[in-house]
Structures are given as structure tokens and as C-alpha cells.
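Here is the structure we will look at.
Labels run A, B, C and D following the written order; every chain starts at residue 1.
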Amino acid sequence: MGSNMAEQHPVGFQWVIEAKERGAKVIHVDPRFTRTSAMADRHVQIRAGSDIAFLGGVVNYIFERDAWFREYVQHYTNGPVILKPDFQDTEDASGFFSGWNSEHSAYQIDTWGYNKSTGEATAGKSEQQADVSGEQAHGAHGMKLSAGQPPDIDDSMQDERCILQMVRRHFSRYTPEMVAETCGCSAEEFLEVARALCENSGRERTSAIVYSVGWTQHTTGVQNIRAASIVQMLLGNVGRPGGGILALRGHANIQGSTDIPTLYNILPGYIPMPHPQSHPTLDTFVELNGPDTGAWGNLRPYIVSLLKAWWGDAATEDNDFCFDYLPRINGDHSHYAMMLKMLDGGVKGMLCVGQNPTVGSANSKLIRLALAKLDWLVVRDFQPTESALFWQDSPEHESGEVRASDIQTEVFFLPAAAHTEKDGTYTNTQRLLQWHHKACEPPGDARSDLHWIYHLGKAIRAKLADSEDPRDRPIREVTWDYPVHGPHDEPDAEHVLQEISGRRPDGSFLESYDELLPDGSTTCGSWIHCGIYKDGVNQAARKKPHSEQNWIAHEWGWAWPKDTRMIYNRSSADPEGRPWSERKRYVWWDGDAGRWTGLGDSPDFPPEKEPGYRPSRRAKKMEAIAGDKPYILHPDGRAWLYVPTGLVDGPLPTHYEPQESPFSNPLYAQQQNPTRQVFHRPENPYNPTDGEQGAGVYPFVLSTYRLTEHHTSGAMSRTVPYLAELQPEFFCEVSPQLAAERGLEHGGWATIVTARQAVEARVLVTDRIKPLHVQGRAMHLVGAPYHWGGVGIVTGDSANELLPLALDNNVHISEYKVATCDIRPGRRPRGQARLALVEDYRRRAGVKS
Amino acid sequence: MTDPGPAAEPARSYHGQPVIKEPVWTWEIPCYFFTGGLAGASAGLAYLSERRGNEVLARRAWAAALVGATASPILLISDLGRPARFLNMLRMFKVTSPMSVGSWILAAQGASTGLVALHAWSGRLARPAALARPAAALLGLPLSTYTAALVANTAVPVWHESRGLLPFVFGAGAALSAGAAAVAVTPPRHAAPARRLALLGAACELGAKELMERRLGELGEPYRQGPASTLGHVARACIAAGAAVLATRGASSRAAAVAGGVLLGTGALSARWSVFKAGFGSASDPRYVVGAQRERIAAGQTPGAARTAPRVASPRSELGSPATAS
Amino acid sequence: MISRRRVVPPLLRQLGGDRLGLGQAAKSAVSEELAPRTRTADKVVQSICPYCAVGCGQKVYVKDEKVVQIEGDPDSPISRGRLCPKGAASEALVNSPMRETKVKYRPPGAADWEELSLERATDMIAERIIRTRRETWEEETDEGQPLKRTLGIHFLGGATLDGEENYLIKKFFSAAGALSIENQARI
Amino acid sequence: MKLETIAWPGSYGDQAKPRMGFFTDTSVCIGCKACEVACKEWNQIPMSVQGFTGHSYDNTIDLGANSWRHVAFIEQRKPVDADGDGSLSQVAARASLAEDQGLATYQEGDGIRWLMASDVCKHCTEAACLEVCPTGALFRTEYGTVVVQEDVCNGCGYCVPACPFGVLDQRQDDGRVWKCTLCYDRLKDEKEPACAQACPTNSIQYGELGELREGAEHRLAQLQHAGQREARLYLADDDDGVGGASAFFLLLDEPEVYGLPPDPVDSRRELGSIWAATAAAALALGAGLVAAALGGRR
């Protein structure tokens, strides 16, 4: 669901085909009939943005049929935990959970916690008032549980207030009929899927759910995935071979860019960035973000080792290891928030490194207007992208709204090196780090980003070498001496990897993060990557042919943490440590050897902790994790059916309509996710949604997506001859019914209009796009791949011009997958007339601009 | 380019796309069909007239043969994608390739005709020339008809399916061309054989081509539409008119002879063009290609190239599955 | 053997066992000596596909310091030597005709690019980062709590940067107090 | 099963290699076009942007001088719950979604199915292109494949209309004809052809023709067994019009739906009669000439 695997991950899809050849059933639940659907046993078409309703229906079905995996749920999830008496579910509060604060339009989550527990909401609560997101509320980090035990548990799971019952009630109205009404599929189709999932789960069998940005790019993105995890936990499909929830990520190192983040709110290894009010000192930071129990109980060694890696000798016990050198976050400083700040003149400089926001980000015009407010812009890419050329060519130039001479932004274009021109690691979608070797030198001025940042850093440090200003000390004292080689003084990537992996006091390489010390004697750039250079060997560069090892291929690359290929794999064995079934064995307890063993993967569990181990009342950190609690990153070692802290929009997934929807929420009075981020300003107008005046002006659902033949903004495909020719023009996909209704001609042109922009596309009329009957009306989908722009061998209008900014407040990702639009035959007007058309629509819809 | 779209599923073709490729040959080729025939038949006419002592006609027919034999290779070479490589035509001798065989014939016949001409002007090389005369005449015969084999031996339905008659059409065309050329340049009183040849050729050309088009039935449609049809009409009109003129006044009036000759020549050329163009129409429309083959299958003459019945009783997936196959 | 076959013209070769001239007799000198450029390459290195996150193995063939071929790495347990169209086009990506290899600079209000040396560009960017940092520095909140940051600089990184590159970027900009370091994962 | 061709292995004696070929199993083709790109990459074929065609996701249109692999996309509306040739997944889904065996029906969905198939030169056992080539530019290699030799071809264009599959075409501005070589150069190093190596789902299988055919029979049986009644092998038999081919296919509909001829025939099979007619016509012409020359008085 929410994934088009055959098109976006074709080579990964070989394993789906192989599984299918071995008898696996492949079901594709998606708003479109794609190349993935074509290969599936079954395609169920649902309305874009209705995934939670569908999955909630599955949860309800699981309870109805009593199909849940009792033993797994009881021991491995927080199903038995009793909740606070004052927690209120959306069922009781018409679409809101308890703690809604309409003034901040945010939740105060202190009622969401485990009964009789304290402190778990501390981080969450304070963050809410600071209006920062769940990621900054630090997930489980803040939770305090003595001895890792939820204080109030009912193992019979009969108690009204226990989580399992709470979940059951929450989804009780998600009946097959409700699913049909909400999603637009038939109840039978839904039931086939639900039945298939249940029948293929249990001790002997497992089912996997695959998703991609089809789930994340919604105002309910995180909760889409939460809904799937509830299904998988109830069915016991996590941490077991053939199970899991597979996030298929779209870029070579996008997983790595999150693990070792270029993200504002976390440090390497998902350590949160400090906040001004709550984290004045390292101690308070650790106190508030480090639970006493579980793997996060060692937060102090993790961050101290990081600070030592960054500021070396300057970081000492006395100065909190330079903890106060870290910049503080106290709000949403993510991409879109910054673009809006930029629009208001608050951001002076921007660096786009291998990123092309005027095509790849939503509301392209807003992005361009913001860029025009910059003093300076640096773009590093293979060629000047649309973003690098925003001052020279754009729809606003065409319409005469702007002239190059009006734009005072200074622009630097720096040519970048290709993957074949540098050493380094990519982390693939399954946390596997793979080293790629340099094949040759980059051409001309092209350099690796490693070269760029290292030498830029050196230049800045040189300029500040004798600055007295205390604010420059972090720069002056940061460890910044890496060996260089080659004609261009290329820094040694392997040396950087060594710093990430970490060293012992004697300078030797660490084996794993268990060795990290709180006293500053160890260094480690990213605790989850600790050991990637163990034994002085670049583990990521291991390339033992798969033909020479078993299917786990443990000697190819390296996966964090501790080279674990399947995370939480302790749950592939039952509480006593025996495989759930011979067929599905993976990791199990070897009583004679007194250790966890298995098919060859590293156990994601203390290797010698026997299943029967129970923590003492005073146990802390990993000691507090019982021998039958596989989810060691959580303070209670349990998977969370219900999330007491860490999310801003509720502990349980709830169906809300997209920001722009032709339909009203059939389940709750509350139409949209109340915590979603919307920005009401002239540059970001929203189409009226169902029930509002003028909603009918934009009657159709618009969804943007990618094609096999291209890559995101096209900067890596529209410039490649053999790819450009495969999908040479921007086209939209519509059903024959919509084509007839709007007079669209197959192969002709159409103009798609929203309150933001009007773009033109060639028309592909196809049966693969099917109108759905929702709430007694026909729902028409306009599909629009977004790869095109003004630069390249092939060019065209960009679909993202059409989208507004409407974000999931947990992660600040925008709703690319659903908006409303109108579509009309023929090419779009040029110049001023294009503006006039958009304006005319706005007027008719009563959109202020 | 657009198609009805999946809504109206195209009648058993792939988005209406052709199954086979149109020839890449350009104007030179139909012209060569004409000049080749002219060269071939003229040599025969010349040689026989010579033997009959009609020097006046013979000299002019040899000249026509020379013109044809000179023009032909020039036309062929200019049609090549890589003209500089024309000699590769003689790199091998392949009986499976009418073009290879034809190249050798053209080379030999051209050389013979050249020799004849050389001797006629310079008087040198008498003995070889004496051998060259009958050689040129003899080789002229296949030279006039092999071009039909060339086009018949393709996947183009309208050509391949008329393989039995096409050589006769081309042969007749050659006679017509040679006769016409000779008539046009020869004083009527010496031109009787040429007139007879022209009229005979005209009759056969008209008859054979008509028969061929009828026999093709539905596959003959390309002859009845587009450029092929127009050219066909032109050809028929010119040939009929030319023949009439020649038959009535050709023997008495030089002017009439010239007019008749030109008309017939034009007709012969148009007829070649019409055949040429029909091939394009036939190749570009999948109906003709698939249609003919489907009829064969329907008539049970062949099972076709596809088979739904496996040759093994029970599947062994370790052999068949793409997952396990490597 | 080869040399002999080359001097014997195809016409004669037909007489020896290939009368119709459809096989061995027709073989040309070039066909005889044809060799795949994977054989003639100077070196081959193992790499990883730069497009999606499946992480397919690639073999990169280099001749005269230029990539001449990129194909799937059969040793990879992830991809077993297979590639999608984008992965298969990687050679055309690194050798793309559109690839720009010179630094370019556009002054405020200018109508076109200017050339600039890499060193100069690095120096100018360093200056601007320092200047903007000073201009937009936030030392503390109104309540006097530490901020130690600038929001005047926004970094947006693609997700095809290496882990090591991301690490140094995060490390340096954090040291510089440049807070808003973001990437494709947010998009 | 007979794999011999006129020139292979005969003309190669002990230099002959096993006859190599492609089995393209379209039932697992995901239409990713990796084959098209890998082929163009390896063979350095010029780019050919032909614009948006509206032929589903196919903008390559057909095989030609600049596309030696072509992925066809066919969208078909299938009557829901139709019997026999109806939408198999619909029928089967209701029946056996609960069964352990996954449905073996491919490329079908709600009342529609999306067929994808990668086409390529067939390297026929009786190859018209090769036979009509006057220069010997086209030849049968020691692997039994059919290759155009770029150092010999002079662009006479005869092979273009001769091919019953419309595979060969002349490259503008180059003048020569080009087509799939089954990666003749890679074969010399026992490397898989570029397209087959790239193919993510192994829809394009490369190997010794004999083994490929055996596997294909089992695959066909497997699909037929699973109720995929429209599955058929194409060009897998010695007795078809081209004597079978080195590149053969498993299709899920009639060949013409994929743009393939249902009964391709090597025109050489009629060459005898063609030559006969040609000779007869030549004689007739001779007779005509004689008649004209002798007829009447002088």
C-alpha cells in the first residue's frame, strides 16, 4: 500500500516476483492501477488519502474474527498496559483525543500516558507548548519507567482501560461498510485483503506490508504507517522473516541522510537536538531525553562520545563536553518553515546540494519567490538546475511578474562529482551501508561534496583563526583535520567513516555501542554506526559474493545497529526463546550454549540474556529489559500498539480527510487532522474543501507521483539521453469517463488548474484510472508525474507547481499525494493570460489572493 | 501522434503500428527497374536486328542499351546508404539474394554492352566485342526480370504474393521500354521490329499487371488507392494511348512515332513506380500483413508461430520459473 | 589463422564449406577481432547505484580515466547483477552531454552567468557564510535561554550524498550554529 | 528439437559454439525498460526522442536502427466475471484467495490487464535478412545468431522489407542498417547480453537455446496449469515459417496484439518458384524479342 514498488524499485521487485513464484500472494492497494498492480494477484483501488480507514478496517476485522496473535501481543506489545483514567479517545470526543488545546491548536499529552506512570510526557508536553513536532518531542526518549515495567498491566487484556481494548474500541466503527464508503472500494474487495492478511499470519506464516511516500506524503503521514504497524503487531508480523513493514525509500542514501542526518532536529543516531528552555546543561538534556531503561538509557555515553568526536580535546568534563556549542531548536525550522521565513526576508543564504526545490518541492512558485529574497544561493549539482536558474527562467518571467534584473540574489553554481568519482557509503532502504569505490577523478571543477564541505570549512576556519568572538569558538575548536590525497586534495572518506565508527581510549576501533563510555574517553560520531570500522576493517566495503554465503549475506556491507539485518529479530522466537515455528525460525535461544543463535544474522538483543531473565526492581538501562521484551529501543521493551508520547496528533491513527478533499469525513465531525500545519498566506492559497463555499470549482482529486523512467525532479534523468527519450513529455492520466466529461482528447493537451497554478500536460486516457463511487458521488482522479521542468533534454511544466503546503506536523512533510484541481482541454494560456486563468478560478472559488 | 486509446481497443494490432518495415528505397529504385529493363531488352533487340541486318535500328538499340546500362549502376549506387561501398555488392555471390545475383548480371551485362559500344566507336577489341554482343543480349533477359524476383522475395505482401506474375509484368515492361525507346529514335521505316516489340510489350504489360492486381484480391488494395493507384492510371492511359498512336500512325509519321515512344516510355516508367509504391502501402498497414497470415492459419494451411499447448505433461517449476531460471 | 582468413576474400571462402555464404565465409575482419570494452578496460571497480534506495551493486569499467561502462554487479545479494533503466543509464549520467564542469557565478541583478575559479568561489561563499552568520546570529531567547544559532542560512541536501559527506556537513554547520540543515527526507 | 541452421554449425566446424538465444517470458515483464537502456548503453546507440505517443507508456514505438529492444505496453479492458477468456484474476481471486498457492495470473487487475513485453530481433533459424543481404554484411555467427557487420554493410536496404518482423532499419545520417547483435562482442567473453543481465525480473532469459526451450515448455505448462489459458509460446518450434528462432517468447495474447506477425515466413522458402518464374519470364521476353525481330517482312 502507498507504494508502487515495480515502478520505483524494480530491482527490489525481483524478490516479490520470486516470492510470488514460490506461492506468495501479492496484493496492491493503491489509488492507481500501476505496473505494480499489473503484476499483483489483486489490485484494490482506494481513494487517495483513505489508507487509515482501510487499515483501521483491517484492525477491526482482526478483532471481529479474533485473529490476533495472542501470545505475541501479550508479551511483545504494550497491549496489556492500562492507560490513565482521564485519557479520552476520539470516539468519545468527536474526532479529538483528550488534551486538545484549541488556542495552540496542539495537544497537551499528559493524559495519554500509562496509568500510574510519571514523567513520560515531560518532553512531549513542554514541546507541545513550544509548538515543535513529535520528532522533537523525542519519541520514547522522555519516558520514565522504573525497572522498565509499565506500572499497571492486565495480562488477560480484558480490562476496559487496557490498550488492547482501547485499540479495539477506537477502530470499532471501521466496519467493511464504512471502509467501502470512505475508500471507494467494495466491502468484498476489502474483506478479501483483510482475510488474506489474517490467513497468512501466525506461527507458521508471516505477511509483509510495503509502503513508500504514498503513505508519508499526507497530513496524516506518520499515522498511516502507525496504522500498518498496529496491524502487523496484532498479527505478530514484526521482527520475523517474511514479515515487517518495509519502507521503500526513494534515494540512494536517503536512509543514511536520516541516520547521520542532514536534518535540523536530530544529531547522528537520532539523538535529539537540544532545546533552549529544557536543556540548559548536558545533565538536563540526558535527564529529559534519556529514559532510565532500554538502549536509550545510555544516551549520555552516546552524546558524550559524539561531542568528543566533534570537539576533541576542547570537550572536557568541566565544559560539559562543549554541549553548549550545539545550536538550540525551539520551533519548526524545517525546509518549508524556512522557505516561508525566507519569503519574509528572514533567511539570507541558502545552499542546495544535489537538491532542486523549484521542481521537487510543493508550490514551486512560492519557492521561487522565496529564493528571490535571498542575498546568496549556492547550488551544487551536475548542471545548473531549475533552482540554480530561477532568476533567469520561470513561469513568472514568462508572465512578466519578474525580470532577472529585479532579482538581487547572488547565485553560485558548483559542479558536483558523480558517485563514480568518489569513495563513500550509501545506506539502502534496509539500513544496509554499502561502500562505493571511486573509479576516476571528477571532470573540471567538479568535486565531491566531501571535498566541498571540508575545504569550505577550512576556508572559514582560516578566516576565523584569530577571532576573539566566543561564538566562533565552536568553529575554531571543531576537529577538522582529515588526511587528503589525489590531485585535488580529496579528503579521505574512510577516515571520516572511522570517526563515525568510533575509537577506544587507546585509539583502537570500537566493536559496538555497548563499549561507549560517559566519561569522554571514547569517541563515536554516530552510536548506531559504532563498529562499522571494527577490527580496523571497513565493514561497509565487504563484498563477499552472495553465491558464497547464505541468503542473509551477512558478509556483504554492514547494517546498523551492530550489523543487524533484521531489527527486533528477538521476536522471531517465542517468549521462551523457541522459534515460533520450524518454518519461520530466524533467531532463537540456544540453552546449552547459553546464547542467542540463529540462521546467521546478529541477534538484535543482548547475546547472553536468557529468555527467562527478569529485571530487578532497581534495574536500569539494558538490565531493565526482560528476556522476553524484544523492542529494546523502548523503555519497556515492548512494541507500541498505542503511542503514549512522541506524536503530536494522537496516540492512535484516526481517519482525517486530506487538507483538500471533495468529500467530508464520514467517521468524525472533525474534517482534517487538527494538528496539520497549514499556512494561510497569499502565496499559498488552498482550494476550498468539501462543505466550504466554492469547493466545486476544483472538483477532482490530484495526485503527483514518479515514473520508472525518471528520477524525482529530473535533474538526474531528464539530462540523461537514454532516460529522457523514454518519457519525453509531461502527461497526465485520466479515466475515459473524466475525458468524456471534460472533453479531453487522448494524446492531446490538457490544462490542470489549482488555486496555486495552471500547468499543461499531454493527455493519456486510460482504463487504469478508474472513477470511484464515494458517498454517492463519482470521484475522478487526475494523475500527474512531476518529473518535468525547464532544464534538460526534455522539458515541460512541473506538476508540483499545483500543490499547496500542508504538512504533517510530526515530520513536516507536505501532502503531495492529494489535492483538488480542475482539468480542461487544450494548452494553458501563455504569459499574463495564465495568471488571469488562475485568478478567475480563485475568484469563482472565493479564494482570497 | 495519437490513437483511439485503450478505450477503443485497436483491431488486433499494436496501437495500429505496422508489423513490417516499409522499404527505405528512394526514387532511384523504380527508375532503375525501368533502365534495367531498357538496357536488357534493348540489347536483345539490337543484337537480333543486327543479325537481321537492320543496322539502323541496331545502332540505336545498342545506344539505348548503353544508356540503360550506364544509368542503372549510377542509380543503384546513389540509392545506397554508403555509396562508397558499392563494390561490396560483388564481395560475395549469394543465390539466396536476388540482389546479389542481379548485381553480377548487371555488372556482366553492363560490361558487355560497354565493350560493344567501345568497339562501335573506336573499332578496337573486335573479337571480344563479337562475344560481348550475344552475351549482352542474353544477359539482358534476366537483367530485365530479376528485379521482380528482388521485390517478390520480401515480406511485403503485395510483392511477395504476386511472385508468380511479377517477373512477367517486369519482362513485358522491359520489352515495352526497349521498343518504345527504339521507336522514338529510329526512322519509322527501319523501326518495324521495335514497333512490334513495343506493341507486344504494351499488350503484355497491361494484361499481366491487370491479372496480377486481380489475383491479389484484398491484398491488391494498395494498387487501388493512393499514389500506386494514380500511377497505375497514368501508366494504363499512356500505354494505351502510345500503343494506339504507334499502331495507327507509327509506321508513317516520325512525329507520331516519337510521341508514341515517349508515351509508352512514360507508361512503362509509371507502371514500375506504381508497383514500387504499392509495396509501401502494403507494408505500412498491419491489416495486409496480419490479414494474409491469419487467413492462412484460419484455412488450416499452417498452425502459425504460436502454440498454447505445452510439450511437457506436468510442469517442473524449478525448470520453468523465472525466479529459479538464471 | 586470422591473418590467413583476412587475405582470403569471402568469395573464395564460400567455396570452403559455406557455399551459400551465410556464415563463416561472410565474417569480416572486424567481426573476427571484435572484443567487448569490458575486456579492454584499464580497471573495474565495485560501486553502488546512485538512484533509488534499493542499493544495487554496480561494476564501473574505466579506460583512460573515463567511465566506459557501468553494469550490474552479479556478486550483490541485493540485486544479483540486475539494474533498472536508471541504474542501467548510470554511464550516461556521469558522461551526460549536459553535465557542467565549470563553476558559474551570477552577480545580483545580472542577466547571465560569469566564470569564476573554484578557489575564488569557495572564498566568496566562506565570506558570505561568516557575514550572514554574524548578521543573523541569535545568542539567546528573550528569557535568556541559550540559542547559539543562526536561522539566516538554510541548507537543503539531496539524498544522494554519501554518509561521510552528510556527517561532515552536519558537523560543520552545527559547529557554525547554522541550524536549519535539511534534506530530501523532508520532501 | 532441431537447432541447426544453414550456416550453423556447418560452416564453423570445430569453431562452432552452442547456439545461444533469448527466452522472453512476458508474464513477468514489469515494463521497466531496463533492457532498452542497457542495450543502448552497451551498444552506444544514438538517442531518439520521438515525443509522447499515447501508446500507453511506450514512447519507443517499435524496433529499429536506434532501438534494438522495444517494450510494448498493451492495456486491455477485460469483462469482469467473464468466463473463459475473461478476467482470470477476478474469477480466480474469488475462488482461491484463501488458498495457500498464490494466484498464478499475471498482469491482470480489476477488469483490465496491462500486458508488457520486451521485443527484440528474433535471430531466426531461417533469417530472410541474412539470406537477401548481397554483401554478406549480415552473417550467421558461431553462436548461431544473426549479426550486421558495420564494416561491410553498404546500406542497400534489402534486408529492411525482407524481415517478416520489421526489425531492421536504416539509420539516417549513417546509411547503414542496425539491429540487435545479441551482444556478439560480450558473448566472446561469455558475458550475458546487456539486456538480459539488466532485466530485474528475469523476464529476459539468456542461455543455450536447447535449454531455454525446455525451460519454456515447463513455464508454459505451469501457467496453463494455473489457468492462464492465454499463455502461448511464440517462435519456439522448428516447424514455423522461420524454422523457429534464437529469440522466442511467452505471450499472453495473440502475437499481433504485441505487433508480432502470427505466421511469419522466410520469403526464401518461395525463392525457388520465384527464380523459376523469373527465368520463365526471361525466356518469354526472349521469345518476344525474337518474334518482334523476325515477325513480318523487314
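Operating definition for what follows: a residue touches a chain if its C-beta (ideal position, glycine included) is under 8 Å from a C-beta of that chain, and two chains touch if they have at least 3 such contacts.
Just so it is clear, the model here is predicted, and its values are computed rather than measured.
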item	value
Closest chain to global C-alpha mean, per-chain Cα centroids	C
Most distant chain from subunit C, judged by the mean position of its C-alpha atoms	B
Between subunit C and subunit D, centroid-to-centroid distance (C-alpha), Å	35
Euclidean distance of C-alpha centroids - subunit A vs subunit D, Å	44
Between subunit C and subunit A, distance of the C-alpha-averaged centres to the nearest whole Å	25
Inter-chain centre distance, subunit A versus subunit B - centres from mean C-alpha coordinates, in Å	69
Touching two or more other chains - residues of subunit A	10-11, 14, 17, 20, 708-709, 721-723, 726, 746-747, 766-767, 793
Shared interface positions of subunit D, touching two or more other chains	28, 32-34, 36-37, 41, 51, 53-54, 56, 75, 77, 131, 136-137, 152, 200-202
Touching two or more other chains - residues of subunit C	10, 20-22, 25-26, 70, 74, 82-89, 92
Contact set on subunit B toward subunit C in their complex	90-96
Of subunit C, residues touching subunit B in the complex	9-11, 14, 20-22, 25-26
Sites on subunit A touched by subunit D in the complex	6-7, 10-11, 13-14, 17, 20, 23-26, 33, 35-43, 45, 192, 195-196, 199, 707-709, 721-729, 731, 746-747, 762-764, 766-768, 770, 793-794
Residue ranges of subunit B in contact with subunit D within the complex	1-3, 5-7, 9, 12-15, 17-25, 40-41, 44-45, 48-49, 51-54, 79-83, 85-86, 88-89, 91-92, 94, 96-100, 103, 141-142, 144-146, 148-150, 152-156, 159-160, 163-168, 170-172, 174-175, 179, 192-194, 196-197, 200-201, 204, 279, 283, 286, 289-290, 293-294, 296-297, 302-317, 319-323, 325-326
Subunit A contact footprint on subunit C (complex, rising order)	43, 45-58, 60, 62, 65-67, 70, 74-80, 82-90, 92-94, 96-113, 116, 118, 121-130, 132, 135-137, 139-141, 143, 145-172, 174-187
